[in-house]
Amino acid sequence: MQALYAQLLVGLINGSFYALLSLGLAVIFGMLNIINFAHGALYMMGAFVAYFLLSLGGINYWWALLLAPIIVGIFGMILERTMLQWLTGLDHLYGLLLTFGIALIVQGVFQNYFGSSGLPYAIPDQLKGGMNLGFMFLPIYRGWVVIFSLVVCLATWFLIEKTRLGAYLRAATENPTLVRAFGINVPRMITLTYGLGVGLAALAGVLSAPINQVRPLMGADLIIVVFAVVVIGGMGSIMGSIITGFALGVIEGLTKYFYPEASNTVVFVLMVLVLLVKPTGLTGRAA
Amino acid sequence: MNAGEVVTLLGRNGAGKTTTLKSIMGIIGKRTGSVKFNNQEIIRATSDKIARMGIAFCPEERGIFSSLDVRENLLLPPVVRAGGLPLEQIFDLFPNLKERLNSQGTKLSGGEQQMLAIARILRTGASFLMLDEPTEGLAPVIIQQIGHTIARLKKEGFTILLVEQNFRFASTVADRYYVVEHGKIIDGFSNAELAANMDKLHTYLGV
Amino acid sequence: MADEFILETEGLTKEFAGFFAVRDVALKVRRGSIHALIGPNGAGKTTCFNLLTKFLQPSAGKILYKGQDITAMAPADVARMGLVRSFQISAVFPHLTALENVRVALQRQHGSSFDFWRSKSVLNRFNNRALELLNDVGLSEFANTPAVEMPYGRKRALEIATTLALDPEMMLLDEPMAGMGHEDIDKIAALIKRISAKYTILMVEHNLSVVANLSDIITVLTRGQVLAQGNYAELTKDERVKEAYLGAGHA
Amino acid sequence: MKTKSIASFLLGTALAVTTAGVAFAQDKTVKIGALSDQSGLYADLGGPGSTLAAQMAVEDSGLAAKGWKIDIISGDHQNKPDIGTAIARQWFDVDKVDIIVDVPNSGVALAVNNVVKEKNGVYINSGAATSDLTNAQCTPNTVHWTYDTYMLAHTTGQALVKAGGDTWFFLTADYAFGAALERDTTSVITANGGKVVGSVKHPLNTPDFSSFLLQAQSSKAKIIGLANAGGDTTNAIKQAAEFGIGKGGQKLAALLLFLTDVKALGLETAQGLNFTETFYWDMDDKTRAFSKRFAEKMKNNAPPTMVQAGVYSGLRHYFKALEALGGNPHDGVKVVEKMKSMPTEDDLFGKGEIQPNGRTIHNAYLFEVKKPSESKGPWDFYKLVGTVPGDQAFTPLSESKCALLKK
Amino acid sequence: MTALTDDTLPMTPRAMRDEMIVFVVMALLLASVPFTGVYPFFVMQALCFALLACAFNLLIGYGGLLSFGHAMFLGTAGYCSAHALKVWALPPELGILVGVAAAFVLSIITGYISIRRQGIYFSMITLALSQLLYFIYLQAPFTHGEDGIQGIPQGRMFGLFDLSKPTVLYYVVLVGFLAGFLLIYRIINSPFGEVLKSIRENEPRAISLGYRTDQYKFLAFILSGTLAGFAGSLKVFVAQNASLTDVHWTMSGEVVLMTLVGGLGTIFGPVVGAFVIIAMQQYLAGFGQWVTVIQGSIFVICVLTFRRGVIGEIAHYFRRSL
């Protein structure tokens, strides 16, 4: 029973990565109607930027947490301005293929310069060590990850659902032409949204740097799982992707406990099942 | 069009009335010719810039956002210049809206949606309003109410370009009329000349 | 006599997230008639069409076609029973030629549509019939023109030819005249008149003169509900209809 | 599906894909194909470094002075067996390659194994772990240098059990390679009186090991054996440190770990790890001298890994066999027979031999990763814990299922 | 359904004649390969991918369905053929049959699950299904995990043709490819193909004409999957192994790339695309590690500048369908 609690908690930790990443994907899909295949690569960039900041600039984890998303976010906005914006109005397929190409390029370049075995990134001193919860040993850093991502997720949710800027975003998702005709610079907003979504991915990257090796391919396989999360939650649904992210982390954790061999596949099985019952995901709008 | 005037575009479905409004607003891709607003050429401007100059557009399908509640819908268009109606006055015009501020935008009845769609562009300070078929699909009582509103707006000094099929409604508010067919203005007359042009109009509109 | 009405609805309702697009509509379409559905934009005419042809699933109510309950059927199956619709925005297959457009419809009835191992030259046996149909709607010279290159009015005609190819019992025409010039309107109106000898027609149309000339019976919809029903003369005298739709200028 | 041509002073016919149909079959012309993962998971431990090792082997052999013409081409198999075989086949057919070296990644290694046999070339594999190369799938053309799963399992397992680590918990990658490692290690553990108290199979490329580590932790086993490779191993080690596994008294044993992995982990995280390698740059003066020369030519000044060292060593032995044959290097079986008939000896792996099944026998070493405080240089990572003589480390011939032994 | 190629021109007898001429030229060129000194294994490999891309194109170019999991058919057929040849020691023709049958069954199952999903959901569900299979194959004993099935005997086709001879193998593969290609060509130009095209062009209209469109898409999916499987079975003879590479999602991505480069919805595009990509991997290999970067750049350039692909652009220029 104790072990089960521990697994639930560990699942929640993984879920927080899924939530952050799928949240970014959902935001981007909502506004740009693009399945951002480059999300995994940008997540990886987040981790790398944190590494560079530390090793080249001596800039610590806390600043990296702020700076890396901004830097990667700006990179994302450049991508949007120079490439993605030309796809407005085209079939989904082209956005998927373009971002797939971008992912290959980014990952390829990093692999060339940094090899594939990865670079070390240490846990910041303040978060070292762990505490005994009675049923498990919880590294403080992991606890921090859960709490911090939960806060970021909720803040993003608040930003989009409860603020004026969010109202613009939601309105532009429904009818960009009309919102533009109200005097809002929608193209700029789209660029910023892409930056935001990408920044969330980079943030997840920084968070994961001390846990996982900083490797060029760290996002390549993860992204497929996150796609599944987004699809299960319903494409474009903010709350849907946050909840599904955490929930799937927990489900995966439980699978690791009861039937570890299936822990990689459980997400896909779930996705197939969900889509069979609800063709647009749990909370999704029609495609 | 002169300031403070109410002008109606008449014409059959698909004659190009809505397209005219959209071209002025800069929503339609390729435009040629010239659109001048306050003596400023705006044919090349993007729609957000045009809106910032003080033109507001209320589309035929009303464009109420379902993911926003009534308050958010109402507050959505940014204030582009001073002189917009304050909220109290808007609620004064449309008392229904005040009661339903927290409902989801598309849960409102058709009439309320139309009111919301008009209300939200009054706030922004735009002086030139383009209303695309504001009476469409609404009950007579409500049409009447909207007529009153337009009349009041006119009194407030708004310039209004109206697209209407409901000819009877248009006649209660408009100063002048243009008839549009196949994307061209084929006729124009003032309210005073209306009676004289009635027969012509019937052929144009096919009613 | 159950046969009198080819299509009947009872309490037909469609709700979109709290908004009733169509509410409690009872419609009876007499076999062999031209029945028009009019009303202001947004009154629920197109929604009605979508419900009747099962492109939308009604929230409540029942649809009977030829006395059979089709409420739960799939759209393709409704079409197979001879209840065929057109669309508001012209529905052709843009990159097929006019002939091929019509042939696709002919092909469905005469089988071989799943034959992936045969050459499509087997379809040539439909060419004569297809040309006949094109001829009927005055499109013979367009037979080898891709639909996308045809003028708007011709596309509508092509759409009707394609629908006719199915040899339906009942046709639902959604604004067949929308966006047409006078000449085209007359042609299509004549065409509709002609085919109505054989088919029951339910149409949505804004052009009142067309409606007046063509239809045997008219149903007026407003806000998703039936306001009035009758022939043109009756309706023009109806105060409610004048109020809600025709406008004051209408004598 | 690509061959890579290294710009090297040794290399004349680099872009020979279209022109090399006329390779001149002179008696003393040899062409070496260094087939490796140039960009993926194994690029750091093999990759360009393996090509460099091959070049150094050519230089050090001094054969050029004796009238031999030796070329090297290299290729990237991208860890895909079909690409590996396509390159290998093209090398034999078009580029007239005589010998293929390196080939990390068991899947590709086994695939190439078949091609080399079919084309009667020579195959000196240094990078692959699978012991099948000299077992069920052995060929008369193949020599397997450096290491294999059996050796890793035996050396690490035996040494740790003898040192008191008698209860084990396995974290096993859920595919053939992991299963083989776990199976082999388990048999050693039980043979030496130890016990496996549990194991958990994890999917390949698991980014998060915390669930599995928790299970390992609660098993109270003294040793947590990592029967996996690459990113899975390093992630598991990193996260084990995070969960305080070392501090709880449990020890981690990585069954397959390379110098580059330790570098990637950093000593802070990797300290105290036990594992087996057959070569370490800082063993004696000879290895240090070679490594110094090697590191100077490497992009990031890295010393050779055991895989790269194995490429060098294997080629040196191959050249000795060629010299002994005096020419005609194109009959693979003959060359390999000659190689097997001569004892191996070089600066890097010391004395050894090649068994009839193609397995090279040499010493294996159990290392422990130093604490950060003990490390004196950028690559000073290991301390030697024990040495296992080759005949105890590798599969005994009596257990080998190689068909060559049944003659 | 959005029509992906808005420039496809209708078939006229002249277009058909053009296509036959191009086909004959292509067949003759390919048939002469063994006499030109071009390395036959390279061409064989490319032919297998070309067939795969053509099968994929049948689904997206003519059915408007983007499958992001087509590798599963390639890989499944490969594994099953390999297993049949090696473990059951079946002759080559039966080995191929086993692989194709496996792909057929798989496409029925996966098609049944996915075909009703629209647009991007279809892509995602095919991707998920292929990932599912990937993990199953990684763990299943008969695939030998990451080692793959190795050393597959090539045997004698129909007891006559010795496939271990490269030239014989080449012609067998070529015949297989041409047969597959012609079948796809026939499908596109069959009564069924007509319906498929009309569904791609305007699905609601096709439904209103009484077509149960899901069934047509389903059949297209099965045909595409089965033919992709045929490509996978042929590939086993060329590579003599079956491995996880062929089931991984990057392979699905590569197929999309090939088709996109050649031209979606064109008949010869996928063939050209496959040859371009395979040749690039082969000859640009001097750039070593940069291959993925180059591949990614091609994706980006294609999507941004010439969405019609090589053949699509040519066809558009001459206003022909190819």
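Each chain carries a letter (A, B, C, D and E) given by its place in the written order, and its residues are counted from 1.
By definition in this document, a contact is a pair of C-beta atoms (placed from the backbone, for glycine too) under 8 Å apart; a residue touches a chain by one contact, two chains touch by 3 or more.
Predicted, not measured: the structure shown is a model, and the values here were computed from it.
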Original post:
Out of curiosity, which chains are bumping into both chain C and chain E?
Top reply: none
Original post:
Which chains does chain C share as contact partners with chain D?
Top reply: E
Subject >> Chain located farthest away, centre of chain D as origin (C-alpha) >> reply: B
Original post:
Which chain's mean C-alpha position is the greatest distance from chain A's?
Top reply: C
Subject >> Mean-CA-position distance for chain B and chain A (Å) >> reply: 43
Original post:
Whole-Å distance, chain B centre to chain D centre, using C-alpha means?
Top reply: 77
Subject >> Centre distance in Å when chain B and chain E are each reduced to the mean of their C-alpha atoms >> reply: 54
**OP:** Could you give the separation in Å between the centres of chain B and chain C, each centre being the mean of its C-alpha atoms?
**Re:** 32
Original post:
chain D: which residues touch two or more other chains?
Top reply: 39, 43, 174, 203-204
Original post:
Of all residues in chain A, which are in touch with two or more distinct other chains?
Top reply: 108, 111-112, 261, 264-265
Subject >> Where chain E touches two or more other chains, by residue >> reply: 135, 139, 289, 291-292
Original post:
Which chains touch which?
Top reply: A-B, A-D, A-E, B-C, C-E, D-E
**OP:** Going by the contact rule at the top, pick out the chain D residues touching chain E in the complex.
**Re:** 1-5, 14-15, 17, 21, 38-39, 43, 75-76, 78-83, 85-86, 89-90, 93-94, 105-107, 110-111, 113-115, 130, 132, 137, 174-177, 179, 203-204
Subject >> chain E-facing residues of chain C, complex >> reply: 53, 55, 74-77, 79-80, 84-87, 91-97, 100, 103-105, 107-109, 112-120, 122-123, 144, 146, 162-163, 166
Original post:
What does chain E use to touch chain D in their complex?
Top reply: 37, 39, 41-42, 45, 135, 138-139, 144-148, 150-151, 166, 235, 239-241, 243-246, 278, 281-286, 288-289, 291-292
Subject >> Complex contact set, residues of chain D against chain A >> reply: 39-45, 174, 200-208, 210-212, 214-215, 217-218, 230-231, 234-235, 238-239, 242-244, 248, 260-261, 263-266, 268-269
Original post:
Contact residues on chain B for chain A in the complex?
Top reply: 25-27, 46-48, 50-52, 56-57, 59, 63, 65-68, 72, 75-78, 80, 121, 124
